[in-house]
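Labels for the chains are A, B, C and D, by order of writing; each one numbers its residues from 1.
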């Protein structure tokens, strides 16, 4: 069974419709310090979550990625689920791409939320980074932003920092929560404190994972996290390299790139 | 009852369809000096208008706003109504966002006008600022631009200034009137004279409100206006800060923002 | 009777469907030297052509224009027709706006050609300017570009210059002909030789009108052309002024314009 | 018979639906060194392939091209087929235009792949260039990127170089393969090693054609390739000239071009 759901120029390809018990959703896409992407990617590998769908979009960058095995694929986001006995099931979204343009950010977030609504998801956790612009002293904090005051209550034992100056959350990490509210979903954005100038941030990633562990009782083993972060850095460096190459092609004769308009935001 | 009306990538979510008597419409969105937004926001609070709908759009900036209580919401415009005995009912549109791109401006204006048409609205007042580029001497003027000569007649006692050099009106303030004409609506744009370099302009806001008071007999008490303007400045500063932050993120490694393409126009 | 035809985000509002005999189409929109716009506008006034429709588009600039009488309207293109005894009827398109983005150019051209096809139009004349970058010596030439070699035959007595180095035709002047070909229409683009740095070019406009006169036997009286050109210059200056104002607003606090992305192309 | 297939703002106009035996697809659009465009164009002429369709898109540059005979046409991609006895039939895509914006790249690639699926195509070859940024010593290599490891097997006798550092493939050359995978198609991108600063690259073009010859047993006669490359350079220079002209028009009074947003990517 393969099912297609489309919204304008974004396609959600569902290979299996999981039957989940009171599921909670966790998002981890590329962004500052790639904290969300790395954290959710680690959860998926570590807990052996099952892939059940993918999302491709005309709003993603218009190129295919070549892996070390010289095989290519277009950019995509992936959906996984984790079934658990006696505990809430989990739906996870992970990926290396976000929309290049504002409209695409909304279109993709609407499509995801509408699908989560069908799956019965009522609670959302989105993960991002908050760049302070300077090195972090000691353990990085995890800043919280919720959809409502009521929501804040359930996180009070987790030492999430609500005393911060975060004024906005760009891309999927913010829009999924805001659009989710219109489908009677509630949730929290967990933002790892990060200098902002690191390609990836292992400490901030671990700090966020600890909060999720505390919340969902995942018994996360952090031993292999460093390895995962190294792997993640490889991919992220490749993506950065591509951006630079596309930028560099601007000077080539007969060619003009759109690189000025390309950007990973999140 | 919640009713959805969509137009491509803009959604109007109506919680209640008010039954209004010969209603007149007033628009107040962000723009130069934020005169429209502040004036209509003051009217809503001061007269206790009732919220009945909201508009969200893929053309708005692609981030969620975090308030002082660390709760987030996506950007939106809101619809209010004010029922009055023996006087004309009023529909009000207020909001902190306008489209980031030209197409969105049209799409949103078309959707609003089509809905106003269903509500039986025949008269439109839009509010904006006209930046002179230098400090204003004495009381700021209120410049008027109408959809037709006939329309101008009814404002003759209000000392609206029709002797100006306004050549164009950007965004909703102009488009709502122009598109409204194609639905047999008439109207006026009231533009407060403002230096243009102020974050908000209390004097120009009050000048415009006085004209609306004169026209609609609202018995506006201007005592709390200053307080409202302070509050408005806070929100506007936050929005400006976000723009600067998004702009600043451009230099971060592995990240490229679209900030060059973002802009509040109005 | 008012009939609406839409194509994505462009609307054609037809007030009257004229019943025309073997009609020929002439386009005159803004562009280099505003030759097309001025020539067709003169024809309409001079020959008292009848307006029967207008075209508005989300791809036009997102502002309303204020005229000297302080009345506003949104930007539009207008359709006129001219019925003639014993001679071919004529459909004319005139306007101050073209699309701001490439996609809009195609969308608008497709909608116009599809409607012309319904009207039975088989022949197209589009008018533009070809900027040489230096002052023109003597009478400006009129360069011709046709959809086919066969088409070129019928213009051989008109001294249209086919010995030129025009490599491309931007916007409606080129796209209407190219898309028209796919509806079995043929046609010619008449491009007045112009320095390119003039706001409007009366001599090039007259040169193009003479060719059209020769082709369609319109008995054009050129006496009032100068007056028309003065009037045209006023409007064009206003449009230029608006572009500059929009550009100037970029530096205003809390505001960022999209002016970099705005452009009249044609 | 003329059949239209549309996808949003792209149109595929099919004049004849060929009945092909196990066809293989070859793409050759504009890009670095114009290797794909030149190679496929040579194949079409040399083997007398039959044109059966064309693709036009609102995402292509918004101008018409004027040829040496002073006739114009809009930009397009063309579909050809080659029927062969005892050997696999071939479908070829050639053209001077790719999308100006990321979304268009996806939209066009989706439409092409969906149509190829109807034709029964299961194997794809896309052709591009890989710019090294420096002069090539000796014979240029042909780099390969495949959709899967299994696919790589069948090219092992052709001396295609899989030991390279290509990290991404921009535009149709990459997207057609990636989207094709979702329709159970497999394929290879053949990228000719090129300095990247040449308008066209005859040596790299010949190197790629040799691989295709080896794979499809086309008995290519390379004698007239040089002539074809000269012809190709003429067209490419014209396209480059147009870009420069559009760019140059920015300084003209009353005009602002969108040239910053225009770019051939591929």
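The working rule: contacts are C-beta pairs under 8 Å (C-beta built on N, C-alpha and C of every residue); 3 or more make two chains touch, one makes a residue touch a chain.
It should be emphasised that the depicted structure is a prediction, and the values quoted were computed from it without experimental measurement.
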item: Most distant chain from chain B by Cα centroid; value: D
item: Same-site or different-site touching of chain A by its copy chain B, using the half cut; value: different
item: Cα superposition angle of chain B on its copy chain C, in degrees to the nearest 5; value: 90
item: Separation of mean Cα positions, chain D and chain A [Å, integer]; value: 35
item: CA centroid of chain A to CA centroid of chain C, Å; value: 49
item: Residues within chain D bordering two or more other chains; value: 100-101, 260-262
item: Pairs of chains in contact (touch as defined earlier), listed by label; value: A-B, A-D, B-C, C-D
item: Residues of chain C that touch chain D when the two form their complex; value: 8, 32, 34, 99-103, 105-107, 110, 131, 144-149, 152, 162, 164, 166-171, 174-175, 177-179, 181-182, 189, 196-199, 236, 239-240, 243, 260-265
item: Residue ranges of chain B in contact with chain A within the complex; value: 9, 13, 56-66, 69-74, 100-101, 104, 238, 241-242, 245-246, 249, 252-258, 260-262
